[in-house]
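What follows is subunit A paired twice: with subunit B in the first complex and subunit C in the second.
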Partner chain A sequence: MHALRVYARLLVAGVRRQSSYPLATLAGLVANATFGLLKTGILLAAVGSAGGTLAGYDVGTMSAYVWLSQGLLGSVNLWGGSDMMQRIRSGDVAIDFLRPVDVQGAAIATDVGKGLFALLPRGLPSVLIGVLAVGVTMPATPGPYVLGVFSVLVGITVSHALVYLLAVTGFWLVETRGVTVLYMSVSGLFAGLFTPVWLFPDWLRTAAEATPFPSMMMYPIDVLTGRVTGADAVGVVGVQLAWLAGVLLLGHVLTRAGRRTLEVQGG
Partner chain B sequence: MIIETTGLTREFRVRDGLRRRTVRAVDDLSLAVEAGESVGYIGANGAGKSTTIKMLVGILVPTAGEVRTCGLRPVRDRRDLARRIGVVFGQRSQLWWDLPVRESFEILATIHGLPAGEARARTAELVELLEMDDFLATPVRQVSLGQRMRAEIAAALLHRPDLLILDEPTIGLDVLSKQRLREFLVAERREHGTTLLLTTHDMGDIERLCDRVLVVDHGRLAYDGTLDGLARTVGAQRVLVVDLATPADDLTGIPDATHVRSEGGGLRQHLAFDAESTTAARVLAAVSESAEVRDLSIEEPEIEDVVRRLYAASR
Partner chain C sequence: MADALARLAPYRAVLASRVRSQRSYRANFVLDLVGAVLIGLMEFTEIWVLFHAVDGIGGFTFAQILLVFGIADLTFSLADLVVGHCDSLPTYVRAGTLDVFFLRPQPVLLQLITSDISLRRLARATVGLGALVAGLVINDIAWDARSVALLAIALVCGVVMFASVFVTAAGLQFFLVNGAEMTNAFVYGGRYAATQPASVWPKAVVVVFGFVFPMAFAAYLPVTALLGLPGAPWLPSWLGWCAPLAAAWSVTLALLCWRWGVRHYRGAGG
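What follows is the complex of A and B.
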């Protein structure tokens, strides 16, 4: 109970921190929209040349995919860097260990808070642009939205839990740029940022499904747009939760081990 | 015992050109501090002060030896210990950089599970005593160093810890800020009986705040006792600097004081004296008999100087 209140407070702190940088948020939105229009052009052309449906997408549902994925871009961490990575590098993580709170939980709660805040100034406007400028097809029943919002929440959390793993490699690696670049080179593709994972050739789709990346973006969009429904949708969220549990557990183990190797220099 | 170490040792492997070598930052250190004491932990740069503190609070795993803080094992019982100690590293911040100062206090109060009423009362108390009203709403990244330091100390004391550990809390502060901070710490200790362990390079901090001094040198305990005793052991001298109204010959005949040097053709003169055998006032009185003093200052012995003398004396 106490722990939950602490995480909730840190989540709010994340929201507040993000909201103190309105210009950066605006710049993010502009980039989102530009990139979204580009994606719309390419993917709707692909749907058109496939004769109106492509891998189950028509113009309306493909447009919904495009603008939801753009909307999530500010909330899901696809680039791999984090405050925690900086803090381990600088040694400030020592301060985190001086608090009566789980360091991993605290870091992820704060980052999820930042991600949730970004839904307002970046997520909603992106979707709105899609609705107004292009038109999207969304489910007419409430079910997909309820489960979809939860799925989005889990997706955002998976991404920050995964990025936390990259950060804690810093306990052993002097330079974490390598892992960040590696992450960045597969995260966007496998999360379904550029095209839906369902457009991939079989082998590539199978590879993507063997990673936690689709849980960050592709699956939440599938649930939210009603591409998967009912028991299937619950199953997809189950897969997300399983990835979340696995990634959190690994992060927990690495944090414990890493703490013993920590050698903070200076004051 | 609130702090107890036996044979505490910490080594680092460092790269030295192509070869690797081992640096022993803390070497077989055994010390004990009782609850309620106020201890200055001093030594030259690289002596091992910060490394010791990091082991006391559980950030750093010892290479060998035992350490108990508040009766707990710091690494294993980190979260329990965190509830009972407050720590400030002068060169790192525990505040949330991009949020207003007030919000850091709120977050910390939640983390420590303080009831809302108690959190509000304690924050108000600290805000008043540390005069933080002016910058409570300012983001931490925009406050001055002196303001931040006050906020750091408040953050460390919010949960009323039994033990307060300060690693160079006055670094970079001006004279007035130092003075205010010291007065606050004295009052806080009087009020709550908080145990204090403090590292500093400023002798003034030790003089005004600490009953007991530990000197560490090359990771080993070189002295444990009172500050007076330390001054007696090493014969550390204070220096009275006087600015005279008119240039005068070197003031060599002052009882219990020795003339160190003169500047500006005798306008400014430095007189060293032993705090054991005389006082600044007596030296000043003697100077005033032979010259008109316009201004004066007293230079405390440098900690580095004390340690160097101690080291020389022990050989």
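What follows is the complex of A and C.
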């Protein structure tokens, strides 16, 4: 119980940290909206040239996809960098290991806190811009929203747990630029940032589904927009949870192993 | 002439040292190059997926958009190579590096440009170059003086326009230190817009990326003129020949923003 309270505090601290830069938040929103309008233009034109429906998307549901994905952009980490990565490179992580909390849990809780806060000033306004400027089709029943909110939470956590994995490779690699770039190059495409994964040709979609990336953004949007419902939706959330468990476990193992190889120079 | 060369000497020395320093960590350098190419390929895949799913978008086939993507991506990468790091001005401001630039007897903008040339960005340009060459081969282009001139104009003006956008962003970042992400809207948003057929844009986007930051002039309009395609509402294809005007406007906007920003700058203290 006590341990949970510590993580809750760290989560709140992450929220606080993010809320102290209002200009940064506004800037993010402007960039989000611009990309959203550009994505809307090309994707709705694609739906139009397919004759009104494309891979099950019509104008309203495609627009919902665009603006929800833009809204999640500030909360889901698609670029791969993190504070933890800096702390491992600088050796500050040695101090983290002395603290009476789990290093992995603390790092992920703080990042998830930042991500959750971003939903308020960045996520919801992005969706609102989409609703007002373009119009979106969303489900009329409460079910998809209840499960969808949970799915979004899991998606955000999967992304930060995955980025934590990149950070701990720094115990061995020191220079983590390469893995970050590698992550960045596939995350956007496979998470379904620019086009829904369901528009991919079969082989590419299969490749995407074999990675945790769709769990970060594509699946939560599918659940939230009611593209998958009922037992299927529960199944999708189950897949997300399985990825989360796997990524967390791997992170735990790597943290323990990395702790033994950690060498901090200087004194 | 000799005088001009002598004045360039310090810049040449600085640039040569940057190139040497990047090649000294070989493994990381190779990984960096591979990563840069991979990012370019993924951006290309995003467009391919969309045009693979339907026959054509906004009056463009995949072969035709290949040409738009090639010109836009190549010119953006080249501009990024030269001035891309100006985008990290807030980092220089926070670290106080910028204050040092003001003390030296050289223009601040030129110092900023030569402060960091990343070779990985050159690798990134190969993706755009590949797409451009493929686009030129598979499209049915009547090769005469007119089309060669149009292509040359498009490439030169594209680099100038994107470089101007980076400098505009740097100028505005003097005001937006913590809100630097706002300039991403027209720097990276502009790059994204330049790879699209402008015919799919809503009116508001046409105003912003057709005229204020004239991204439609970087690739879309020259390609419509080159292939004899109809343009978009407000953007007729003959405007493809007006890319130099758009480039001149971009440069003006960039220099105004830069001067405005530098005058506003009061140092970070310390």
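Note that in this section the second predicted complex is superposed on the first by the 266 of 267 C-alpha atoms of A that agree within 3 Å, B and C clash if a C-alpha of one lies under 4 Å from a C-alpha of the other, contacts with A are read in each partner's own complex, and residues count from 1 in each chain.
Note that in this section a residue touches a chain if its C-beta (ideal position, glycine included) is under 8 Å from a C-beta of that chain, and two chains touch if they have at least 3 such contacts.
This one's a predicted model, so the numbers in the text were calculated from it and none came from an experiment.
Touched residues of subunit A, counted separately for subunit B and subunit C, are more numerous for C.
Looking at the shared chain after the overlay, A:V6 reaches subunit B, while subunit C stays out of its contact range. In the superposition on chain A, contact of A:A55 is made with subunit C only, not with subunit B.
When the shared chain is aligned, subunit C comes close enough to touch A:V186, but subunit B does not. Contact with subunit C, but none with subunit B, is seen for A:A46 once the two complexes are overlaid on the shared chain.
By the touch criterion defined above, A:H252 reaches neither subunit B nor subunit C.
Legend: residue contacts after superposition of the two complexes on their common chain; A:L37 is shown touching subunit C, with no touch to subunit B.
Residues 21 of subunit A lie in contact with subunit B in one complex and with subunit C in the other.
On the side of subunit B, the complex with subunit A involves touching residues 12, 50, 54, 57-61, 75, 78-80, 82-83, 85, 87, 89-94, 96, 98-99, 103, 106-108, 110-113, 139, 167-168, 171. Chain contact summary for the complex, subunit A toward subunit B: residues 2, 5-6, 9-10, 13, 16-17, 20-21, 91-92, 94-95, 97-101, 259-260, 262-264, 266-267.
The residues of subunit A lying in touch with subunit C in their complex are 21, 23-24, 26-28, 30-31, 33-35, 37-38, 40-46, 49-50, 54-55, 175, 177-178, 181-182, 184-186, 188-189, 194-195, 199-201, 204.
The part of subunit C that touches subunit A in the complex is made up of residues 25, 28, 31-32, 34-36, 38-39, 41-42, 45-46, 49-50, 52-58, 176, 178-182, 184-186, 188-189, 192-193, 196-197, 199-202, 204-205, 208-209.
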